[in-house]
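Pasting a structure below so you can have a look.
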Amino acid sequence: MMQEQLWPLIQAVRAQAPLVQNITNFVVMNNTANALLAVGASPIMAHAHPEIPQMLAICQALVVNIGTLDDYWAEAMRLAAAEAQRLGKPWVLDPVGAGATPYRNELLTQLLPHRPTIIRGNASEILALAGLSATTKGVDSTVASTEALGAARALHAQTGATVCVSGAVDLVVRGTQVAYVANGSPLMTKVTGLGCSATAVLGAFAALNAPDAFAAAAAGVALFSVAGELAAAGAAGPGSLQVRLLDALSSLTEAEFMGRLQLTVS
Amino acid sequence: MMQEQLWPLIQAVRAQAPLVQNITNFVVMNNTANALLAVGASPIMAHAHPEIPQMLAICQALVVNIGTLDDYWAEAMRLAAAEAQRLGKPWVLDPVGAGATPYRNELLTQLLPHRPTIIRGNASEILALAGLSATTKGVDSTVASTEALGAARALHAQTGATVCVSGAVDLVVRGTQVAYVANGSPLMTKVTGLGCSATAVLGAFAALNAPDAFAAAAAGVALFSVAGELAAAGAAGPGSLQVRLLDALSSLTEAEFMGRLQLTVS
Amino acid sequence: MMQEQLWPLIQAVRAQAPLVQNITNFVVMNNTANALLAVGASPIMAHAHPEIPQMLAICQALVVNIGTLDDYWAEAMRLAAAEAQRLGKPWVLDPVGAGATPYRNELLTQLLPHRPTIIRGNASEILALAGLSATTKGVDSTVASTEALGAARALHAQTGATVCVSGAVDLVVRGTQVAYVANGSPLMTKVTGLGCSATAVLGAFAALNAPDAFAAAAAGVALFSVAGELAAAGAAGPGSLQVRLLDALSSLTEAEFMGRLQLTVS
């Protein structure tokens, strides 16, 4: 029963305090570092090309988020993803704005062959990313009509990644396995970068190198969405939500988590 | 009566949820994105040169804020402002630190000919910017002795922009039209980047392309200052104020707004 | 009695409102600017090479924090530190991640000869930095076995800086003078960049150019740790702590400060 697997994984992050390197966007650097600290992990933010290999060597996982790009940062992401693949370290990709510009698409096309462990995005980003990936295999047309679930499955098939799709209900997809997490709050869409924070948190769960990669990703998604829901209940608005979310990620108990968790696995 | 025009414009932003591209400074990226979300708009932060035209094409307005510059960012700002002008899209300029260094002044001199829709700054920035603008017309000496109101009028005459001057009383200036908004709180000066957030919010109001550009700018200024005043009343300090400001921008009602608004138009 | 010297120095910062230039990392720019505002100082964040000398000319102190580097930022730090030394302006160095990569170490080796007024880091950073400094003098082996106090003393001997070591108990070291500040809270380690904020605040105290440099650094360290302790008492988690810390830095009274201060000088 997957539901029973999640809390021990959340506890494992708190116990192991994995070090997670982040090459992420300017908007959310502070928030994602704080989200990692709140779940019990330790963030490192470092993007200088010469120090990427040494930083990654001391980390247990890498997070790459393409939100605010320029050529230097794009190259840092390519270098880090390649190094993570070479070292066999888990890494998480957040394809922010996939499909919006050729510049983003080109970078994503270069990153995917480094086989991210987890990909997390919203439905349109996952659809766009699967389209890119499919394009390189000449099956673009079939992707256009799929829902995000189909796109997530295609992405998994092409990259091996566990694919997480955020929304009113979050999906975690790995081949034929699908978990639906029906937690969260609409107020979460009114705070910038909560998706990016969820991605960073997934970095901590990827770092566990858990035997069941699907359950580990589901644990990260569920933790973030349950904490967000708890934080939103009683928040006076998006400003309060941000504050309360970090508090909730940090203090969430097993009873609170299990009491609120709305998980379906198919 | 202008007072009656403001709330419908605030509602229009909430209803239309305009997409606003921001090329802004590192200090305030998170806060300005959250301010835009709180007033009902959608922020995009993207500065990579190759993707500026595509990003702007899907946005309804652009915000350029020169707070933390380097050559790449300065060029991104020039490209974006030129593209906004070419596309006829409204754009807002925040001349942070105008007059402090030749490097800033040179960039501002290059940006002004692209005719920003709205310029927002504090009195010294507006005075410096009008001086630059005047210099290029050889009338530097007359500007040095004007108050911010005179400088704002001169800037409007030279660029066509509605000019907003923040302070204990905020001014909105467009030719002979002047609105005075006497809301806000001194505590707002103890939080970094609230002026930058006000500028970002003005991007959402510029995006409306309202028939009355003066009223639209006044609505943005008034919304921000009334929400700030409401947030400050009851804040334990600058930390609380930040949180409460986002809450207030998001939840402000017409009754709260009209009950507090201190607007004079001359 | 040093204890009596601290509050007047805290009041001096509030009264003089020094302008402090910051060349710091992306993660903490917003927070460090707000921390400076909260203690009564004024932050400037500017790193463009051409404007560094003019910005520094109008500031009373400089803060250099190497958290998120690339070549442009590293060069900005070298330029600014050299200019501060040339102008005789106090400057503060935060050697984030010292020892983690050769890239960081090389930059630090270049910065130290510009004789920072204050160096603040955690124990491992201070040990690493003293090791670098010692290496250049060929005494690397002796440093490896010293505690942070020994490393701090060595750093002072080599650079002239007052050295602050953050931890459960904070040290302020200047030759044979050592102050121990036993305030703070373990929850402070769960918020990203509070050490960076402490460093920024030290910039405001360095700006005083107080006759007693040791007491000025101790005042900054004590203010930050007492405010953090006050903020943590009653915080629901790391999110709340951040908000309450800015409030506390801003509103702290002499009675609260002296009532909580746990200072030992040897």
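Here the chain labels run A, B and C in written order, and each chain numbers its own residues starting at 1.
Criterion: a contact is a pair of C-beta atoms (placed from the backbone, for glycine too) under 8 Å apart; a residue touches a chain by one contact, two chains touch by 3 or more.
Because the structure is a prediction, the values reported are computed rather than measured.
Engineer: Check the residue numbers that chain B and chain C use where they touch, and answer same if over half are used by both copies, otherwise different.
Structural biologist: different
Engineer: What rotation angle superposes the Cα atoms of chain A onto chain C, in degrees to the nearest 5?
Structural biologist: 120
Engineer: When the centre of a chain is set as the mean of its C-alpha atoms, what distance in Å lies between chain B and chain C?
Structural biologist: 34
Engineer: By the touch rule stated above, which residues of chain B touch at least two different other chains?
Structural biologist: Within chain B, residues 26, 30, 242-243 contact more than one other chain.
Engineer: Under the definition above, what is the set of chain C residues touching chain A in their complex?
Structural biologist: Interface residues on the chain C side: 25-28, 30-31, 67-71, 74, 97, 100-104, 190-193, 235-240, 242-243.
Engineer: Going by the contact rule at the top, pick out the chain A residues touching chain C in the complex.
Structural biologist: 26, 29-30, 33-34, 37-38, 43-51, 54-55, 58, 72, 242-251
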